[in-house]
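You will see chain A twice below: alongside chain B first, and alongside chain C after that.
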Partner chain A sequence: MKIAVMSCIHGNYEALETVLRDIEQQKAEKIFCLGDLVGYGPFPSNVVEMIRSLDIPTVQGCWDEDIVEGLNSCECSYPSVLAEQRGKFVHEWTNQHIYDETREYLAELPKTLLDGNLAFVHGSPQSQHEYLLPELNGFIALERVLSTGADILFCGHTHIPYVRSLDQGQLQVRVMTGVETLNAESRSFNTDLKRIVNVGSVGEPRHGRPNATYVIYDTDSDQITMREVEYDYQKTCAAIIERGLPAIFAWRLAKGMEYAERADDASHLCERGV
Partner chain B sequence: MPLNQISPQIIAITGAPGIGKTSLIRRSIQENPSEKILYFSPGAGTVPIDSTQIQIEFPDVQILTEGQELELIEYVEQGAIAYIELGFHLDLSSGENLLQALSEYRTERIAIVPKGLEDSEWYRWATEVRTAECNFDLDQIQMWRSPCTGQMFDPNSLNVIWYELTQGAYGEVCRCKGIFDLPDGRTFYVDYVSGDPDSLYLPLKLPRWLDGRPTRFSGIEVMGRNLDGKAIAQSITDSCLSDEVISQYQQQIKQSLLVSA
Partner chain C sequence: MSIWAILSGIEGNLIAYEAVLADIKRQTPKVTDLFILGDVINANPASGKVIERIQQPRSGELVAQVCKGWWEEQLLMLHGYVQPIEPNPLMEKYGAATAKQLWDSIPKETVEWISNLDFGFMELDCLLTHGSSINVLEELTPQSSPLQLFDRVMRTQANRLFCGRSGQTFRYHIKDGSVSSTVITLDGIQPSQSEEASERYIIGVGNVGRNPNVSTYTLYSPNTDKLQFKTVRYGSGKGFN
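Showing the complex of A and B:
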């Protein structure tokens, strides 16, 4: 069976519609969504309505959480003062442009979904705000997958798609057995191949092109296919300006640069939600 | 590049943006030392980027601003050498009254002109024309500029703005330059000319500013077409640090300087 996994739509309705058409053409039987339905883009409520109407299993993203809980960021949310100011402006804009029932829907989204040996999260199993960057320390990366009990962890949040195989699935832990003797007991765990699949972003790509990205996973052949789909991004750019969002967002979207740059320190572990 | 063998006393320079007017003056000051040197750039207004840079590099050069023309004439009468830089945004006739008043002194009028623009008014104005590469069209160029004195920039944000500016997010930028204060107390001169592969980032030889908001000049000047000045101003405002953050940074830097001393 083919399943489609998408993430980070960010109010970009035009991109979502195109990706849904592509998923249909790819004959995927099931769709999972990894959150960030709202934030930055011009049509947050329409995106949520579409996801709801299709009954797509969805986890809560960091923007979805912030719009419910309010901003309470860790430093990795804002790599610059400019990104923070822009983020706060658009948080307020989104707050004013979504319906109450949209907010209620976002509030009820789960943080993790499990389906057989597959787990679905927005950032990491630890927090919607934590970035699982491809360069993340292998020990931590493996721990994040093992914490879900799944073999493949699908995530988004970084907006750059990647597949990471953790094929040296061994965790070694030194456990202190007695404070007075300072003896440590080594315990090791062997695991089968684990993978982290980052599905990129539908509505706010960061790979230098405006195209949407998502992933098709074939459960029979165990094949992961990255899809990059062109859509009429100019429509979204025009809507950004028409609906009173900063014009710089339109320029950045057209360049495939994200609306605000994100943290790139793979050694930083997000403090939010821990 | 040396000036004429019989050194002129008045050197007026004009030309396209980013083509090397100030660089020529800096080289000339270095190669032709004199007891009294003046630098005058009319039209710099509240954003005197070039004169600030010259003052830092050559502390003995006297910078004169608009309204000090009579002083300039007096100094020239006493034997001073005067560099007069006429920015691209100025009408060429704007410096004419001053140059007429100084006509009894040896004067060189240098225009640095893009190759292929032989039929320009620069040729009629200049006593010497030098040609140089210019990778952009000079039609319809407008200028946007703003002082930033008192502001300290978040370095990551400054990088983002500079990237956005030079890649066309706020209009087609041919040239932008600025002097910016950073929270570690250093001041940078940043310069971009369209067609050059990289921007220049130059730390200025100034003492670190570690006590509150700087009172020394900083500012930005952008030249190009269809510039969205309001959006540039918004991004600049959004990139500057608050009093609280500036104070935190300055305390940290002071401590680290004490430790390393």
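Showing the complex of A and C:
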């Protein structure tokens, strides 16, 4: 069976429609969404309504959480002062442009979904705000997968797709317990192949091109395919400006790149728990 | 030479704390630093006395460096100093009567003092905290996942993590390890990498007040890396350690 996994739609209805058509053409039988339905883009409520109407299993993203809980960003969220200023403005804009029932839907979204040996999160199993960058220490990356009990961890949040295979993981430890009499024991741990699949972003890609990205996973062949889909991004860019969002978001969308908002510290780990 | 005495979990047991302080005074070479890794209090009216004792050390006694523990976090949650957690851990574990008892046991001005306690201490290459590097509620034990333990010590760039939540004394030594990693992006396959794990330690420092008549704590010398777990018997079960 083919499943499609997408993330970070960010109010880009045009991109979502195109990706849904592509998913249909790929003959995927099930779709999972990894959150961030709102924020940055001009049509947050339309995106949420589309996801709801198709009954797509969805986890809560960091933007979805902040719209519900109020802006409560941790230091992972804004890598620069400029990014923070724009983020706060867009948070307020989005807040004013979504319906109460949309907010209720976002509030009810789970933070993790499990399906067999697959786990689905927005950022990481630790936090919706944590970036699982491809350069993250291999043991920590392995810990994130193992903490879900899954073999494949699907995530988004960075807006750049990748597939990371972690193989032949092993640790040697020596444990001493007791107080007056110490008992020493050596232990060895080995792990099978685990994978982290970052599905990129439908509505706000940052891989250097404006195309939407998502992933198809074939459960029978165990094959992961990163999909890159062209859509009429200029339509969304125009709507961003028309609806009063910062023009730089249109520029960034057209370039498919980050602008002063790089989450480039692979060693930074989110201190905020789920 | 520095010698640290590292305690956790006095849990309002003043007699146990006095016994441990007396044991610390007897040590040679002398203990130079005293760390208390949380759970100074519990839902026990004597908790206030323990805090007073810590706040006002006697002449010649070490001034304790104290960080928050599970019980302090519950108290701060009750008083609205920290974000509530659902389900509430205190209510879930001990019920409403204990929550009320905790509220009644600690005067408001002491709550203020507790709210100013640190999350933990970073000393040299050691992190000293109650739970883990993530929060005070997390319990690390020798049975925890090795990768979880590795993550909790790695994420702070420390080599040693001292913790008290479990109440156990243990030394978990991650000796070595490796993992191979391959990344595929839209631009193609990146060269495979093999990463090695460097040595890390997670140390459970024991518990002072939870078990009647017997306390455990830890002595550590950062100069020599010598670690010693101590048992102190007091009251009717008193004996030599």
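One rule holds for everything that comes next: the second predicted complex is superposed on the first by the 253 of 274 C-alpha atoms of A that agree within 3 Å, B and C clash if a C-alpha of one lies under 4 Å from a C-alpha of the other, contacts with A are read in each partner's own complex, and residues count from 1 in each chain.
Note that a residue touches a chain if its C-beta (ideal position, glycine included) is under 8 Å from a C-beta of that chain, and two chains touch if they have at least 3 such contacts.
Remember, predicted model here, so these are calculated numbers, not experimental data.
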item: Contacts of A:R86 with chain B and chain C, given as first, second, both or neither; value: first
item: Partner chain in contact with A:P161 - chain B first, chain C second, else both or neither; value: second
item: Touched partner set for A:Y99, first chain B, second chain C, both or neither; value: neither
item: Touching partner for A:P134 - first (chain B), second (chain C), both, neither; value: second
item: Chain B versus chain C, judged by how many residues of chain A each one touches; value: C
item: Partner chain in contact with A:T213 - chain B first, chain C second, else both or neither; value: second
item: Partner chain(s) touched by A:L142 [first = chain B, second = chain C, both, neither]; value: second
item: Common interface positions of chain A, toward chain B and toward chain C; value: none
item: Residues of chain A touching chain B in the complex; value: 79-83, 85-86, 246-248, 251-252, 255, 261
item: Contact footprint of chain C on chain A as seen in their complex; value: 126, 134, 137-143, 146-147, 160-180, 182, 187, 189, 191, 207, 213, 226, 228, 269, 271, 273
item: Complex interface listing, chain B residues touching chain A; value: 154, 156-157, 159-161, 164, 167-170, 228, 231, 234-235, 238-241, 245
item: In the complex with chain A, residue positions of chain C that touch it; value: 134-135, 142, 145-148, 150-151, 154-155, 168-186, 190, 193, 195, 197, 206, 216, 229-231, 241
